[in-house]
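In what follows, chain A forms one complex with chain B and a second complex with chain C.
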Partner chain A sequence: MGRYLLKRLIQAPIVLFLIVTCSFVLVRLAPGGPFDAERKVPPEVEAALNEQYHLDESIPMQYGRFLLDLAQGDLGPAIKYPGRSVNAIIADRLPPTLLLGGYALALAVLIGVTVGVIGARLYNTVFDHASMVFALLGISIPMFVVGPLLLLAFQTQWRLVSPPGEYGPSFAYLSLAALCLAAPFAARIARLCRAGMLEVVNQDFARTARAKGVPEWRIVTVHCLRGALTPVVSFLGPAVASVLTGSLVVESIFLLKGLGWEFVFSAINRDYTLVIGTVIVYSSLLIIANLIVDLCYGLLDPRVRYD
Partner chain B sequence: MTETAPGLSPGAAAWRRLRRNPLAMGGLVITVVVVVMCAFAPLFSGHDPGYQRHWVGALTPGSSHIDCLRENRLIPGQAPDVSPQDLSAATTITLAADESSYREYRIIPDTEGRIRRIAGSQGELDELVLNQAALARVALIDGSRGRNLAPLSLRRGEAPPVPLFDGSAAVVLEVATEARIASYTAQLNNGVVSAVQRSGTALPEGIVITGDRITGMEADGRSITTWHLLGTDIEGRALFARILYGGRISLLVGAVATLVSLLIGVTYGAVAGYVGGRTDRVLMAGVDVLYGLPFMFLVIVLLSFFGSNILLLFAALGAVQWLTMARIVRGQILGLREADFVAAARLAGTPAHIVILRHLVPNSFGPIVVYASLTVPIVILEESFLAFIGLSASFGDGQVHSWGALVKTGVDSLGSDGSFAWLLLWPSLVMAATLIALNVLGDGIRDALDPKLSRGAA
Partner chain C sequence: MSEPLLHCSKLSVSFRTDNGSLRAVDGIDLSIAPGEALGLVGESGCGKSTAAMAILGLLPRSAQCQADAIRLGDTDLAQASNRVLRSVRGRRVGVVFQDPMTSLNPYLTVGKQIGEPLRIHLGLNASQAKERSLALMRDVGIPDAATRINRHPHEFSGGQRQRLLIAMALACDPELLIADEPTTALDVTVQAQILDLLRREQQRRNMALLLVSHDLGVIAHTCHRVAVMYAGRIVETANTKPLFANPQHPYTRGLLAAIPRLDGDRGTELTTIPGLPPRLSDGWQHCAFAPRCPHAEGRCRIDIPNMRQHSDEHHHRCILDLPAGDAP
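And now, the complex of A and B:
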């Protein structure tokens, strides 16, 4: 276990370095510069701008400077926001994204596991079939279709929520956004959990427990749930990546100005430093999440060997 | 020797199991219908998906309108150029054109929906009385949506008697100061215009009329109109045609990107599994590392910095999906490698690539097909996601967009009161139905090829 953890901890910076290099190369290889879109600036102004952001140096020089700054935790100045650093913007935008993503993930696990377990216990009943139909819909209907419809119903028609004001979104509004983001993941978790549950409910240990007179709810929650959760946990690693990706559209539909919104904005506006900065933050989040998922895997199923 | 009973090949057995699964067959039927309709789009919709008719605007499903062009020409000596329909067989074409002159008034609401200002070209008004029907029309500031108004009077400080603003910041009221409908008649001879008249007076140079002024068109007494099954979008483009032609992009990306992922994944996994040992460990460690990459973010950076075209989209989305395929193929081949028939092939001196291609890959066909069929809807969903944030390919001078972009247009044009809902509803419905069908079909194929794995695992 210790050795495995050490291996993963060594691997993490290598992955991060790969991503940093990859995004740097991608961004710099692209034709055009960050000041192309604006109205034509005089050549001396453009030269001054390029010098200020070190765009006049050779690419290897820029890369070296970039790595040096990064090692000190400095992501540089944001090109499209004069006077603001990428660090400050990310510090500003990250909390809404983390809140939305965390909330959605929690909702997805809660709904998915509940529906999946009940579906397996009521195997081949109306509830089971209905929940699997909903799961299929959840997987197939894109969240950018669900989101506007939710807003149309809850905000425009029934006036149950109001758009985010000066102090950020209300809890009800945030819940709506999180529900929209969680739906496809809840659907997948429900299917996985149901299948996992069906796998274990009739195994010997469950039969033994039943023969000893353990109440059914205890068999489900204490004896079987652990086994049923293993596929769910291994799904959570990739799910974190997908939740972060999905957050890009959910933030723009629900007008929550988080990191996802900022990332899309910066990519389309070719804000070199901000793009790379957001990609680094997302990658770090992903690496940490995968590490946690791997550890949980071992806690759930002691047969898993780390080597 | 006894005769053996004719056995079923694994493929035929799987097809028989698939046929007995009504859900999967439903998915197959829907998939085939959608693919055929998109592939042969011109047979199912006569409309050009990119043709804009600003004067028509957004029409509800089933509406019809006069089938004229943006610029309509009736010029002696030339073929009539007034409609996408072929009118060369007609002998007379009559056009009714609105030649009224309009005065514009800008009506600005306050926050409660009452009229705050009525601004005309001669200054501010307190009251505007329109007493003739069909002489006033409402347009939004960008001139995109027009509709006619019944007689009414607007007073400053009061709410308008009919819904006027639709939540917009201001509307422009065009009021005809002089109503005049002109009638043009063209005589045709062998498909060529021979003479043009305006209310009985000959016009030797012919006429050019813009589409927004035409109020009627007849060829030999037959009214020249067209209708739209699913209505039109805000630019007046036929929605049904847009969905069919847009589906070509979505389905093409789904199919080709899956093939790309298949190609990379199978090659990579087969090599790792067949060679084994150290090579296998290094290759699979590479896959593990790549699993940790936030691929979609890199794809977004790639597409926004290099501009999105369909080839880049194929490569990028294919590159995202091959990892799982490589793992599955490697696992399969690792298991098959020690089988006797592989040893026999090797002993017979068969080169490694032939062993892989002829013996190992075909024997892992089941899992490959299952995973590939489940990858197609994932890729379509990812493409639509990219299209939604404005990063997808388009055909036809940027006028034909994939389903994701159509949904985005629907979301953007959805008014605060849910008007124009069909622009969101139909693209979403078609896309969701296709994805559901592909998912159900993929599940069915998995159950048919690998009965062990069934029971609806995700």
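And now, the complex of A and C:
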């Protein structure tokens, strides 16, 4: 276990380094540059800007400069935000994204597992069928449809939430956004958890528990839940990635200025430094999430061996 | 026989399948006295395990169970609510299952699993339950119990897992232990150890035992009385000695003759009962064994035979009077 963790912790920076190198090259190979605009900047101004941000140097030279800065934890100046550093922008924009993503994941697991377990216990009843229809809808309807519908209902029609004001979004508004982001994941988790539970409760050891006189709710929670959660945990690794990309959409719909927002616009604007900065943040989040998921297998199932 | 501890009358179980209903157990009567060991024997698919599971309502959802009564002491399990059934399971009746590899929960430590019935039924706290579990593990012969109580089932061998299941079933000192093919999944040397353990605990606790097995040797070794099942019905029941010495039903004779003998001549062919067990969906109008029976006559195919008394506690379901000691 310790060895495994050490190995993964050594691997992580290598993976991150490869991702960052690829994006560094790719974003510079993409057509266009940070100072292209509808109205052409005078050539001498553009040359001056390029010199200021060292964009006139060769790519290997830029890369070397970038690595030196990175080693000191400096992601450089944000090209399209004069006077602001990438570090400052990330520090500013990351918390809302983490909050939204974490909130959505927690909601997805909570709703998904609850619905899945109850569905499996009430197998073949109205609740079971109804919840699976909702789950199918949740998976099929994209967020950019669900989001505006939620806003239309709760904000415009019923006036239950108000758009984010000067002090940022209210809790109710954030919950609405998190719900929109969570919906497809909750639906997938409900289906996985229901299937897992149905398989586990029919296994011999569940019958043993019944033969011992264990109450049904305890059979479900103590004896079967861990087994039923294994497929859910497998799904959560890739789900974290999808939540991060999904949060780009949801942030735009709900006008939450998080990192997803910056990520999209930095790529469109060819804000080279900001693109790399957000890539580093997102990749790190993903790597950490996957490591946590892998460790969760061992917590769930004592038969899992790490070597 | 003294007042029975368990008495099932007209216990029937049918399964709903895609091809209609399938009657696995067809109106059997079973009685077990306190402290008695009853063997329920028959070939695969004759309904013996289904009957045993039906007693505690442990059948899968596709099964439908009917009985005039399943009396355990003064409780009728056939009419009992789920709550009453739960209070009986693990407390008054313990169950040991066939496959120890899958019957233990892989996610929980063995200590937790053995202690669970103690906590649920006797209201012990965690440390009391652990202490009792430890004693139980020692009773059933788990070496080094003190350190292994916190291990998970996959860290035990097959025989040890069956011992753990037995410990779990015995935890609350039940009046009746139902053992469903407890040795079938184990290799032969371990089988004998597990049987000895069952017999020893049965005698020590003066506990009744319902041993379900397809193996007459296992039954002879362990039980006072035997009930032979065929096609969902009991075809012969007697005390173990008379049954083995003087079987009345041709099916019982066939089973006994089919046991391979070490003292026989080498090279002689093993005896078998010709044919296959009947399909249970057929709904028999006459003796279900008649198609395979070497003695069958025309009148065997007219009606379902009733139970007949051969001697005091020896009953069978054959209308023929076979000569004593006849080979099948």
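Keep this in mind: the second predicted complex is superposed on the first by the 306 of 307 C-alpha atoms of A that agree within 3 Å, B and C clash if a C-alpha of one lies under 4 Å from a C-alpha of the other, contacts with A are read in each partner's own complex, and residues count from 1 in each chain.
One rule holds for everything that comes next: contacts are C-beta pairs under 8 Å (C-beta built on N, C-alpha and C of every residue); 3 or more make two chains touch, one makes a residue touch a chain.
Quick caveat, the model's predicted, so the values are computed rather than measured.
Superposition of the two structures on chain A shows chain C fitting alongside chain B with no clash. Touch criterion met: A:209 reaches chain C, while chain B stays clear of it. Within the superposed three-chain model, A:139 lies in touch with chain B and out of touch with chain C [touch as defined at top]. By the touch criterion stated above, A:275 is placed in contact with chain B alone, chain C being left untouched.
Using the contact criterion defined above for the overlaid structures, shared-chain residue A:249 touches chain B, although it does not reach chain C. Touch criterion met: A:222 reaches chain C, while chain B stays clear of it. By the touch criterion stated above, A:60 is placed in contact with neither chain B nor chain C.
In the superposition on chain A, A:263 makes contact with chain B only, while chain C stays out of contact range.
Of the two partners chain B and chain C, more residues of chain A are touched by B.
The least CA distance from chain B to chain C in the superposed model is 15 Å.
On the side of chain A, the complex with chain B involves touching residues 11, 14-15, 18-19, 22-23, 26-27, 30-31, 132, 136-137, 139-142, 144-145, 148-149, 152, 156-157, 188, 191-192, 194-195, 198, 231, 235, 237-238, 241, 244-245, 248-249, 252-253, 263-264, 267-268, 270, 275, 278-279, 282-283, 286-287, 290. Taken together, the chain A residues at the contact with chain C in this complex read 202-205, 207-215, 222-223, 226-227, 300-303.
Only residues 56, 58, 60, 86-91, 94-95, 97, 99, 102-108, 116-117, 120-121, 152, 154, 165, 168-169 of chain C touch chain A when the two sit together in their complex. For chain B in complex with chain A, the touching residues are 289, 291-298, 300-302, 304-306, 377, 381, 384-385, 388-390, 404, 407-408, 410-411, 414, 416-418, 424, 428, 431-432, 435-436, 439-440, 455-458.
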